[in-house]
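One chain, chain A, links the two complexes that follow: it is found with chain B in the first and with chain C in the second.
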Partner chain A sequence: MCQERYFTKKHEWIQLLDANKKSIEVRVGISDHAQRALGDVVYCELPSVGAKFKRDDTFATLESVKAVSDCYMPIDGEISDVNEKLKSEADLINKSPYENGWLIQAFINDKEKKNISSTLMTEKQYKQFLETNKEAGDH
Partner chain B sequence: MPHSRLVVQLIKCKKLVSYAYGQSLQSHYIQRLAIGCGPPALLLFQFEPVYTCGLRRSSSVITSTDVDRLRSLGADFHETDRGGLLTFHGPGQLVAYPVLPLQHPQLRLALRTYISHLEQTLVDTCGEILDHTRIYSGIDNGKSVSYAGAWVDNQRKVAFMGIRYSRGITSHGVSVNCSINMNWFDHIVPCGFDRRQITSLTDEIPDRKIMTVEQVIPIFIKHFQKIFHVELIENDCDYKQ
Partner chain C sequence: MQAILRGGNRVLISRSTNVYTNLALERYLAENIKHEDKTRLLILWRNKPCVVIGRYQNPFAESDVSYLAENQIDLARRYSGGGTCYHDLGNLNMTILTTRNDYNRKKNLQWVVNTLNQAYDLNLHITDRDDVFLDKYKVTGSASRLERLYAYHHFTLLINADLKYLRRTLKSPDQSNIQSKATMSVRSSVLNLSDRNPKITYEKTLELLIKSFLQWNNESNMSNYDYIDPLLYEEQIKNFESELKSEKFLFQGTPPFVYVIKIGAQTIEITVDNGIITDIKGNDSISENKLCRGQLFHSVHNQIQQLKTNDLSV
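Showing the complex of A and B:
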C-alpha cells in the first residue's frame, strides 16, 4: 500500500509504489507548499514514457499564472507512466498535490531506491526545512 | 526586519534590437548569474516587430499557416518558453526582463509573490501616467490566467506578462504598450483576447499626447525599485552577440 513520501529541497515528493513486481517503481509530484507557491496551474508539460532522467534533470514544466517553471527529478529513473488527467485538468496539481495531482511514475534501480532514504527528507524533515526557509511571501 | 537591498544592474538598450539579440543578452545574464560570476539584472528593450508564443503552442493557439501569415506582414515570429499565449512586441512598446535569483537571501520570493510584485509594478506605473483610479490589476480581477497585467477601466489591457522560472532564476517578463502602432495586434488573438480589449497608454490619454517608451522608463524603474526593494544601478549595454 502507500509507502511514506520523501521530499527534495526543490519541493518535489517521491513515493515507492507497491513493491511486489520485479521492477521498483516510484511516483513523483510536487508538495502542497510548492503548489501554493506557484498559484493556479493551467498547463503541464510531461515527459514521454521511456524517457530517462538523472537526478536534478528537468522532467516536467508547469505553467501557472503567467509563469512557466520546472520540476526536477529527485533521483535517476526511467518514466513508466505520466498522469494523463493533467492534460485536461492541470489544476489537479493544486487541488490534490499528493494524490490525484501526481506527475509521473518511473522505474528505478536498487541503488537509487537506497538513495531515497539516505539523500532526501522525510515528511517531518521537510516540514522543518520549510520552517527554517520561509520565503518573503510566506510571512 | 527589512534586509539590505539587493543590487540589480539596470541595462537599457538604447536602440531597437532584434528579438534574437534580446534572448542572447538575457541568456548571457542568466548564465553568469547561475554560475555566480554576474549580477542580477533588469533588461529594458524595444524590439523590432515580432510575434511570440509561449510554452502552450498547440494548433489551437497557432498554426504554421498563422506563422507564415504573420511573417508576411514584415514581423518576425518566435516560440518561447515563457508563460502566457500569443503577443506582439515592436517599436513603441517597453519590454522589461528582470533576471532575478528569487531564492537569494536578500530577496526570498515565492514565484507567485514575484508575479504579484511585477503586476503591481505595472499597475503603479500605468496608474501614475493615466490615473490610479483607472488602472486595475489583472490577477485580482480575473480568474483566468490571461488576465495578469494592467487593465485600463477594467476593460482594456495595456501591460502584459509572461514569465519563465528555472533553477531559481527568473527570465522573460513584462511589456507596456506606450506609443506602439496598435494595428499590429489586429492580426492575432492577443493573449487569447478580443482585439478591442488591447490598448496603449497613448490611446488612453485624453488629449492625444504621445507617451513614449523613454518617458515611461523612469517611472517604471522607480516603482520596480520600490516594490521589489532593490537598488538599480545603471550600466551600459556592452554585450556583443
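Showing the complex of A and C:
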C-alpha cells in the first residue's frame, strides 16, 4: 500500500513508500499536467543509483518534441532505484505518469520526511494551484 | 560586464562564428540574465561550417563523422533537444530567451514567418513539428531547452547556405548499422530563402529581424540592440565551452547503442554504453581484430568502418 502523493510547484510528485526497512524511501515522478505540457517523451536521462541530490537539484532530464527539460528533486535524497523500463519505453511517462512512469526512488532522512508535508502541496492543493495558474493572457 | 546581464526586451548579436563559443555564450546568458516576465531576449548568431546534433542524438547515426574530421568541419552537441543540422555563414541562428512561463515556440515562429513573408513576399508556413516550410522545403528547424527559471527556443534559418555540403555532411555511412533509442532526426528536403528570392541576404535579414523584433515587443527604442564579442566574456563562458568541446560530452554523451555489421553469414554486434565498448559478439573469426571491451567507440570508429569494407575471410 502506498501513501498519498505530494506535489511541487514544478509539477513533480513525491510519494512515501512503505517502510519495512530501516530507511525511509520515496518515489518521484512528474504529474499528469507536466506530461501533457511536455508532449511525447522520447528520451529520459536518469541518474545513477547512489547519486545524492539536494532539493531543487536536477536529477533527471527528459526530451520531448525537441525540447529538453530538467526534473527537480522535491527534497534532499540519495537515489536507491531508477525506473529501468524508461530506457526502452520513455513514453511510459506520458501513458502512466503516476504508476508505471515513475522516475526514481530515493532514501531520505527523517527531517526530509517531515519537510514533505510541511513544504509541498497535497493533491488537492496542487489541483487548486493549477487552477489559479492557468496560462495568463497575451503579450 | 553587468550591463550584458540586464533583463528586458533586447537583441544581442554575437561576433563569434565558432559554434562552441556561441553555444556556451547562449547557455551563459540563459543562466545568468535577470529574466523579466513578459519580455524576450533575441540572440542572433551564425557559425562557420559545422554540424550540430541534439542533446540525445548519436553523432555517428546523424552525420559522416570521418568526413567532418577530414574537412575540419566542427561537430558539436547542443544542450537542447531535436535533430541534426548543418550550419555555415549562410545560415542564421536565432535564440529567443524568456522566463519559463513565457516560453512559447509557436508565437516565436509566427513572428518570424510574418516578418519574412511581409518583407520578402514569401509564403512560409509553420508545421505541427514547429518547422518552417516554404512549399515542401524546410527552411527552419527548432529546438528548445527548459530550465527552472528560464527557457529558450532556438531555430535556424537557411538564407544562402551551401546545400551540397549540408547533404554531404548529414549523410551517415553508419546509419543502418546503429540500433538505439537515441533521438533520430526527421529528414526533409531543404531550401535557401535566397533560392526563391535572390534579393534576400544575411545582412538584410538581420536588419529586418532586429527592427521587427523590437516592434513586436513594443520597444520604442529601435537602437536597443548590441553586438557582443564573446572573447570579452571568456572567463565566464569557458566552463561551458570546455564541456562542449570535450570528447566526453560529444561522444560519451551518446545514448546506449549497438553497432551491427553483417558480412555474408556473419554478424558482429558491438555494444556501446556512455561511448565505451562494453561487449562484442561474433568477432572471433576475424584475424586482424583489434577491437576489445573498454575502448572508446569514437577512437576505433575508423577501424570499425574498415571491418565493413574488408574481406573478413583474410
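Miscellaneous remarks
In the analysis below, the second predicted complex is superposed on the first by the 135 of 139 C-alpha atoms of A that agree within 3 Å, B and C clash if a C-alpha of one lies under 4 Å from a C-alpha of the other, contacts with A are read in each partner's own complex, and residues count from 1 in each chain.
Heads up, the rule we're going with is that contacts are C-beta pairs under 8 Å (C-beta built on N, C-alpha and C of every residue); 3 or more make two chains touch, one makes a residue touch a chain.
Nothing here was measured: the structure is a model prediction, and the numbers come from that model.
Superposition of the two complexes onto chain A shows a clash between chain B and chain C.
Looking at the shared chain after the overlay, A:Gly39 reaches chain B, while chain C stays out of its contact range. In the superposition on chain A, A:Ala90 contacts chain C only, with no contact to chain B.
Of the residues of chain A, those at positions 42-43, 45, 61, 63-70 touch chain B in one of the two structures and chain C in the other. Interface of chain A with chain C (complex): residues 10, 42-43, 45, 56, 61, 63-70, 72, 87-88, 90, 139. Partner chain B is touched in their complex by these residues of chain A: 36-40, 42-43, 45, 58, 61, 63-70, 134-138.
On the chain B side of its complex with chain A, the touching residues are 54-56, 81-84, 102-103, 107-116, 139, 145, 148, 161-167. Within the complex, the chain C residues that touch chain A are 38, 54-56, 79-83, 102, 129-130, 142-148, 181-183, 255-256.
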